[in-house]
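The chains carry the letters A, B, C and D, assigned in the order they are written, with residues numbered from 1 in each.
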């Protein structure tokens, strides 16, 4: 059962993630018409909402890619249901540059609450889609690898259950302060970046020191030489 | 006979599909100059043709990718004829963002019938190109895998025969109502998303319960452990 | 000696080819401000130089990808020299959307000869880079696969020798007629699309009927089952 | 221990490098409104800062890709720390089109020192991220391949130590002359393109003639036939 089985789904998804992340830079515009007496440095500094939105969206897509990568470490086969769940997830990823540009444009102006609503709404939908992908693969272990780590699988199921709720919190915060909402999003990115390792420590407790240094090694023990 | 043989054709095609899907977002413009008394929410809601065109095109390209993926499950080798048929197909895919932007701009205004004509015409051409790719591979089983499923191959041949006709129907509907034409396109996307599984059930009837859960498993029985 | 050895160079190149081809669509602008009494159909028809330039550039990049694919069928290893020759080639590919937009903008107007000069100049440089890549791999068979087909290798060496010259012809034609120059480019695309098969027939003459149906099969006889 | 283990990280990174390189072309604008009496050739020639910035950025990203490729020849496993270090590195790569456009716009005008500062600052950050990636993999040989070349590993560690410093020099030069700063960047690109081979010659001295022609061959001796 080789890693190739879901290879093309992963490669296609990687392409979409990579392009969505890279297209974010297109919203960083070079200031062209400087106001009287304004320096380029001032004009660039005045674009800080663009940079904040860029970094938040980049970090979020990156962590989503990392999580996608993690999920597919455990998924060994595909069927139509997985392909469409994954396609719906990628629709959310592809959309990210739009709400990012919206927030960058309206942060600090009338309309910023609407912009934050659309921004956080997109991430709620993406979090729901991650659940859809994981359910389509893990229900009754339908498409999981034979040599998966059951603790890691259970941990993913647990942590995904509450993912969309956390993004709802970010959305509600957005009604009070849009900047605070972006900060909550960054915090969520950090949270979703950490759980797998933390979980491994908590879930395996006494065995933690025996865990191999790499997840990949953990997932495919049979491929590795004893040393 | 490894999956690598057509690996680079698939990887290149995946890249084109992924980029075309992702570039669709570039046509979703942030409303910048709000009219007097207009809120951002109203401005965003007023862009609904853009969202409808985006979702229709995204869904159509996604299903086309799924079908491309399905075809190449059965194709084991390549030659120049396949490369050029595939290149022509990708030309159609690459074009999709243009008619999509056209429909989004002209829906509900003078010129919308022309826009729908170009939009549906593009999909007819793509459906014809899918036939070209499949014929170049399946005529006399030229480039098919030795371990292909003959029923699945026959089913693809049958369902592709009428594909372009269905898109002609969508085009004709476009003369009456452009919105209805987009809906027909969405319905066609669903139709092309379903056939393979439905066909498996119909074609194998009594054997359906023995089918493995995944298509991939179906395509490469020899790679799989008995359990 | 697996196909993986140059796998990452090929994957990276595929990405660049795929993106350059897809970005071409960004120059196909939706007509937004129709002149008084002008229909959308007329406005679209008036953009024919854009479509001609798009199709020519797409076809040229596609055929260059096919040729790149062919070259790397014979190349089994990489070193720094190959990586940089390939990087220079990709620089040419990445540039293609710029002269394409130039020709589309200036065809039929003052400046069209300059535009054609830049357009054809780009393709001359790309043809020279193809020679550089092939030389860096084939000189003394440095990086070629052990199981390469010597006739196919010799044929590539022969046909590449004159490639840049042909593009010089297209450039010279451009001084007389820019449209004719684009047609010559299309003809060159067809010429570079054909040679390998034609050569196989000519070079192998009496053995032609024994050639396997696929090039890939030709390149890796040892991977294939006898049937 | 197959090359697949870090395959998806490499494929994802390749996608980001390829897209960032290709997006650079979007800043090369077709001159549309020629001044009275100005030819297209003059208008194109007047855009030389754009071409200089394009070529410098392309060459820099290309060499960074080559170095990324080199690093991962020695890296055989991944963990979360490597994924995030690599994600931070790619953030720098994704940003490159922005400072490139900035330099192209402001070279020779007020604001050019600020533009050069941002441009060189980006490359300092990228050089620091390369150190981060390499440290996360090479500290205690955590994620390195068992069959790595220790001399090559040591050489990378040595040459990366001073990388960020060199880019600080380019930044300082930018305060005196922005064009000179771009030239220093080009020189640095050449420097980072060379070291591995030079190092092989210096580090192995008497053994240099025995080195295989390809790095890949060097990295995976066990995959290669004796001849």
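What we mean here is this: a residue touches a chain if its C-beta (ideal position, glycine included) is under 8 Å from a C-beta of that chain, and two chains touch if they have at least 3 such contacts.
This is a predicted model, so every value here is computed, not measured.
> Relative to chain D, which chain has the most distant C-alpha mean position?
If we average the C-alpha coordinates per chain, B ends up farthest from chain D.
> So what angle, to the nearest 5 degrees, turns chain C so that its CA atoms land on those of chain D?
The C-alpha superposition of chain C onto chain D needs 90 degrees.
> For the homomeric pair chain A and chain B, should the interface be classed as same or different, according to whether the shared residue numbers exceed half of all numbers used?
Result for this pair: different.
> CA centre of chain A versus CA centre of chain B: separation in Å?
Measuring from centre to centre gives 26 Å for this pair.
> How big is the gap, in whole Å, between where the Cα atoms of chain A centre and where those of chain C centre?
Roughly 37 Å separates the two chain centres.
> At least two other chains touched by the same residue of chain C: list those residues.
11, 15, 19, 23, 26
> Flag every residue of chain C that touches chain B in the complex, lowest number first.
Chain C reaches chain B through residues 3, 10-11, 14-15, 17-19, 21-26, 28, 30, 32, 34, 39-41, 44, 55, 58, 62, 65-66, 69, 72, 193, 196-197, 213-217, 220, 223-225, 227.
> Which bits of chain A are touching chain B when the two form their complex?
Residue list for chain A touching chain B: 1-2, 4-9, 11-12, 15-16, 19-20, 23, 26, 77-80, 83-84, 87, 90-91, 94-95, 97-98, 101-102, 105-106, 110-111, 114-115, 118, 142-143, 146.
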